[in-house]
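Two complexes are shown next, each including subunit A; its partner changes from subunit B in the first to subunit C in the second.
Showing the complex of A and B:
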């Protein structure tokens, strides 16, 4: 049981997947199955990263990002992916209360708004 | 004044003499009447102190009539006397004047001779006077011409002085005016320059603002166009690459 949950947790990459897992846990608990009490807590406590991007990402890209984040931060990170074509390209990232805009829209805006000031 | 003895004057003299004698006569008559009254009426003192005599109306009437008759008689007598005396006076005067006329004529002729002599003398004096006055006139005219020439010279001098002073005054005035004008011109120029500079600054600011607005609009449009075109042009792999680059940047800044 713990192994399967560990795998499940390992496979969770996005907030949608996390909410699905949490729903499943609730359902199983309702059916009377034994689920470790702190599992839900641990799942809910996982750090989240909001990633706003301009395109609809394929599963492979989500997986790649998730692995990269786990590798770079040394822990499991849940991705909250938001698709917003207005940002054109790049990403707007929010993590642990910190927010950065690395979008192409911002770059273009900077380029064009700085130009007349020169 | 020579008294001309003609008939009219003689008559006038006689008439005056007659009037004088008539006045004397009237005064005499009045005196006589006063005496008569004193006899007829009682005096006031008598009326106060003595017995008052009553006179009847008939007696009074008779008395008055007798007085009137007496007065009439006297007047008649006076008239006769007056006529006689006047005739006598006229006669006497006529005789006197007939004898005296020759004397008067003589006196008049003497007087006229003297008068003509005097006139001659006066004429001579007048001639002398005119001569003297002519001399004086020439002398006076010479003096006057000298004085006039002196005055003219003095006037010329004064005029030249006045001209010089007026020239000086006009020069000073023109200097002062030009200085004032220069001051006014400078101040006006300064204010105008200031105004022009202000207006130019305003125009420049307005231009800048307008250009800024226009630039902003242009760049907004460019941004829109760029976003649309670039967004469409980016393929999936580029998108992924850009996201990974963003994550790398985030790693440096916020992770």
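Showing the complex of A and C:
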């Protein structure tokens, strides 16, 4: 049981999973289990990245993105995945106050605005 | 102005609302946010950065209750600006520069100016040298104001402060001065009354009203005087003299106190934050008389008349004394005089004008010297007369003279008296025109003259310019007395 809980924490990738784990911690505390006091604080302090994509992502996709981020940034990042079909393709990324639009909708918008109106 | 999406694409920084407390929003993100910068939310609301912490920024939102936690916020990379143009004249706007008078948008070319600007430096400033006529006799003679002066108008609520200010607006607007009325925390009905008065007196088209009412949020009320002075600066830069009225700055201080307490700043005396003096001094410092090299060193001015409200004549309050320290004098409206029926209820003995006297012409100086001497004597004699002893004829004469001076100082709400007529009436008193007449007859005669002064104004105005002592004033009066009699005794 303890092992699987540790495993769970290690495998947190998205905000949904994070809130599940936080719920679990609260339940365990209520049952009288000893859990390090700063664990919850540390989990909440994990940096979050908001990822807006046009499709509902499969688990493998999230895993790949999460692993890539952890490798590139050198720390665990929690993904906040938002599905927004309006962006058509690509992604809109929000991380630590920075915002970048790599969506297909933006590209199309730019292409269309290059043409003079009839 | 661009919308949220355009700002976001341009600046590429985003923040999220983490918490809300009335009009104060706690926002995280936005790594390069600056203090005083304007931000815009996803739903198009605007706010001002009030405080920056390591993790969260405190943002003052202009509207209350429309924001949600989690909403996206982006920077605009501009400090708070308002649109200004000539077309603001005759309009009523809110502190953000939007019209609220129901007359549609303000058209024409606009200039955007930040509302927090530096006051002119010492090298630009020039001595206050031109008198500003308020059209109110007691002020023009005893507490004179000059263009570029900052004169505090202080007194209890409902003692006629706003009435005096409106009379000043009318008098100045008729001389072509741009007038700006800033209303802070007033009720809508009071604002409507101001508007109606200015419209009736036909000066609304020379006035800009910047209004934040008691219904608006505290941030808007807090910003109102800054928007007002920015508009004043715009007109001054165009080479026009401006008169600005802040009605009133004690309310402004209270709104700022509320904001500061809400954002958990450390409270000081009377719970006001430590920087309240700085905030208001920096505002009033932007007024003044300056010379403009771009306009051949022409002198242009912003005359500021801030208002402070007192409680039961207590002028020693924190904000009141602060404002007194920032201004070049004050006009004190005495509730006791008001109760006695004196209108305007100005207590000339407790009022000060530090730079106004230097603008006065020799005749005005001599006349005000005579009035002050007589009034001091009158006050002294009044105290003795209260004991009810038998009074000598000389004392009775002095009492009568004092009371007659007060009759000349009494003025109706819609009566604006030009300088020439103010001096002429005192000339009549000096020459003994009313010496043997009872006071009620004098009161009627003064009113009749005031209602028909246009008949003698051109002659008196021309002559009075050349006069510089009281004897010559008496001589002039002697010459005009037949015409005065014509006015007084004309058949109805």
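We adopt the following convention: the second predicted complex is superposed on the first by the 110 of 118 C-alpha atoms of A that agree within 3 Å, B and C clash if a C-alpha of one lies under 4 Å from a C-alpha of the other, contacts with A are read in each partner's own complex, and residues count from 1 in each chain.
What we mean here is this: contacts are C-beta pairs under 8 Å (C-beta built on N, C-alpha and C of every residue); 3 or more make two chains touch, one makes a residue touch a chain.
Quick caveat: nothing in here was measured; it's all calculated off a predicted structure.
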Which partner, subunit B or subunit C, is in contact with more residues of subunit A? B
Tell me which partner A:61 touches in the superposition: subunit B (first), subunit C (second), both or neither. first
Does the superposition put A:100 against subunit B (first), subunit C (second), both, or neither? both
Once chain A of both complexes is superposed, is A:69 in touch with subunit B (first), subunit C (second), both, or neither? first
Which residues form the common part of the subunit A surface touched by subunit B and by subunit C? 96, 98, 100
Which positions of subunit A touch subunit C when the two form their complex? 94, 96-101
Counting only contacts in the complex, subunit A reaches subunit B at residues 51, 53-55, 57-58, 61, 64-65, 68-69, 72-73, 85-86, 88-91, 93, 95-96, 98, 100, 102-105, 108-109, 112-113, 115-116
Residue ranges of subunit C touching subunit A (in the complex, touch as defined): 8-9, 12-15, 28-31, 74
Complex interface listing, subunit B residues touching subunit A: 212, 215-216, 219-220, 222-223, 226-227, 230-231, 234, 236, 238-240, 242-247, 249-251, 253-255
